[in-house]
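Here's the structure we're looking at; comments come further down.
Labels run A, B and C following the written order; every chain starts at residue 1.
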Amino acid sequence: MRNGVLATSLKSDPRLVYVILLLVITVPLLTHSAVAVPISPTTLALYQFIQNLPANSLVVESFDYATSVVPELHPQAIVVTQQLFLRPLKVLFVALDPNGPPLADAVLDTVNKGNKTYGVDYANLGFIPNSATLIGMPLSISEFLPLDTHNNPTASLPIIKEFPAIKLASLVITFDDDSSAAYSYVQYWEGRYNIPVAVGATATVAPGLMPLYSSGQLVGLLFSIRAAAEYEELLSQQYHCCLGISGASASMVALSASHLLIVAMVVFANAAYFIGRRTSRRNK
Amino acid sequence: MSSDKKKMTRGELGLQVIIFGLGFFYAIVYYVAVPGIVDLQAVSDQLLAYITAVLTAAFAIGVINLTRVHYFNIKRKRATWRYSIILLVSLFSMLVFSVIASPFALDPNAAVIPAGVIQFSTPIWDFLYYKVLVNINSSIFSLLAFFIASAAYRAFRARSLESTILLVAGLLVVLGQAPIADLIWPGFSIIRDWIMAFPNTAGQRGILIGAALGIVVFSVRRMIRYPW
Amino acid sequence: MFELIAGRISQAVLLIIVLAAIYEVTRIAVKKKLKTRGIPGLERINEWIKEAAKRGRPVFFTPGTGVITTPDTLASMTLLGYVAKHCVEYGAQIIVANSDPQVQQLTEDIVKGAYTKAGKEKEFTPDMVRYVSTRQFAYAAGVMGILRREKPAVNFFVGDFQAEALQVAEAGRAEALYQFGGTTNTDQLSFFATTCDQTLIGEELYTAQGYLSADPEAISKLVGPDAGKILAILLILVGAVLVTFGNSLLIYLLGL
């Protein structure tokens, strides 16, 4: 009977569910709890791919997410960018979303750039405005993106002199909130020029990109903020740094607790459902 | 909605010819090249740029529509007129500051707008974007967590064999995603990876293929005005 | 002079074969008056709109956050035409919320056209078709606000939806009598399935117009695309068997 009352209350007034969930998420965050995070194969694949890139390879990072998914994708962008800066690689930042350039700047303000110099080791080329630019960049960057976000002519940047075309890139990583950018890069850059592509995606979008990863069209796939925590763990193991750099690890207990709560609620609801069904059958 | 078998007017015929022509051209450009004579891809991209430029004008119409609706809300003092004031103030202030001081500013080199105005506006834009917009957007997105919890509680019931399979698979994937669950039993993440790599991929591909075929048929029928 | 682009030749050949198969099967289906399975819920739209009119509550329609070139958005316009026509017929108020201003022009034209065709152009007001916001969650917040304030009896969420799908559907569920969802976005379909009374899954969105026509010939024509699916299944089976035995001929052919 008590089960029935609680089950009915939860079903008829979802605010009770919201309050329980709110408590389950905020308490671990406020108490700074931590938990070790097992590494997923798709995250490890990207990490190892970057670790195995030859020195002075070009990597392109594309910021294709809106401000709403900053809590989920920004940590991924921070940890991946940090790994790129810890290795002797060159990095170009672009964006297919107009929100991308300021978010790229925000990531650059967060990571430790070491002795990397703007214009030589990395540059922010800004927003790619249309598909013509996307299609043309593998052949010539400065022709299609003449200025960077600091209004410098891209042709004058040492990194662009060294890598005048995207087809010379060894990897493209897109942080994508709706899979459109992922498909664009796979279609135009991976499909035509065999540039390896990896995606950092939200938890709702990443499962839909698994077919691309399974078929080998993606070399890595990051699932939500959990992948950022996994990445922090990997960086910590290799470089003895960067744990907590993106804030992802600190949220893993809250994430776990909320998942376990949902499982518990579903099991509870089904138990109440079966008990209720059995009771009504008995009463008949 | 019955099949439309009326004779087309001249205007409709002209429009249909344009629809067919453009649709066929874009389809052909994907498969065929004419090297040395014309760069079909560049032509199609240029056409798309023109179309985009024309369609972009609709953004101005959208802003006018929004302004008109909320202006009349305020004028007629409808129930939510105070929120309409907040909306209009937010809309136009963000518009003004973005034009002056955002990464997409119209005059970043202070050729027309005084440098002092740009300097004054930049921290305001930074605040509005990074401290207000990002956080408000993230807050609305985070409502999803609560909605997912209540939807899962309400919808996941083992009423039939199919719903039981869905329930069990869903719970296993959710458990696999929780790092703590892996500490309880490492098998959860292995099961999650298997479900994501095989049944999930298979289902996604099936829906993708069906949707792709639907899009192809829908598009071709629009191009040739095929009656339903 | 003309040359086929490498890597796309097999795609072009497959497209021609699939279109030919669909055409031929459609022809045979119409000749033999074949029928496909019905799409649950489409036939109930009429009675839902009638009930909304009886209760004096509006009907809400939103085509999602897709732009005008998105196939899902275009497909949702055909359903909007049907819904608008029957709202005018039964005297139910219709409210349409748009995320894209270009789509808003189209939806306004469709709704206004429905009123004009019924000779009731004076009953149409611009407030019926609203532009909310192009930003995803500003749109979600705006739609949630409309649903809470206007309390529509029937909600239609049909088109291109991203993460805002569950938010608008949950908000609508609290107030509406009936909800109808439809999208091809596999990430959001499960959310619609849990919150809507009826859902158009994937390609059902593109075939809805045929079903709604209630024309037996139109319904027979819907059998055609299944030919493409059968071809896809055959290719998958043959490919799986070949690859299992170490033969990559099909992979080579499809990569041409």
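Criterion: a residue touches a chain if its C-beta (ideal position, glycine included) is under 8 Å from a C-beta of that chain, and two chains touch if they have at least 3 such contacts.
This one's a predicted model, so the numbers in the text were calculated from it and none came from an experiment.
Ranking all chains by how far their C-alpha centres lie from the centre of chain C, first place goes to A.
Central chain by Cα centroid: B, whose mean Cα position is closest to the mean of all protein Cα atoms.
Chain A and chain C have centres, each the mean of its CA atoms, that are 30 Å apart. Per-chain Cα centroids separate chain A from chain B by 18 Å.
Computed centre separation for the pair chain B/chain C is 15 angstrom, with centres defined by C-alpha atoms.
Counting partner chains per residue, chain A shows two or more touched chains at residues 66, 68-69, 207-208. In chain B, the residues that touch at least two other chains are 137, 140-141, 148, 150, 152, 154, 204, 208. Multi-chain contact residues of chain C (touching two or more other chains) are listed as 135, 137, 163, 186.
Those residues of chain C that touch chain B in the complex are listed here as 1-5, 8-9, 11-12, 15, 18-19, 22, 68, 71, 74-75, 78, 81-82, 85, 100-102, 104-105, 126-127, 130-131, 134-135, 137-138, 140-141, 145, 149, 163, 166-167, 170, 184, 186, 189, 191, 193-195, 201-203, 205-207, 209-210, 212-215, 217-218, 221, 224-225, 228-229, 232.
Residues 10-11, 14, 17-18, 21-22, 25, 35-38, 40-41, 66-71, 98, 101-102, 106, 126-127, 130-132, 135, 149, 151, 203, 207-208, 210-211, 214, 223, 226, 229, 252-253, 255-263, 265-267, 269-270, 273-274 of chain A are the ones that touch chain B when the two sit in their complex. Per the touch definition, chain C reaches chain A in the complex via residues 7, 135-137, 162-163, 186-188. Those residues of chain B that touch chain A in the complex are listed here as 41-42, 45-46, 48-49, 52, 102-104, 108-109, 129-130, 133-134, 137-138, 140-142, 145-146, 148-150, 152-154, 156-158, 167, 170-171, 174-175, 177-183, 186, 189, 193, 196-197, 200-201, 204-205, 208.
By the touch criterion given at the top, residues 66, 68-69, 177-179, 191-192, 202, 204-205, 207-208 of chain A touch chain C in their complex.
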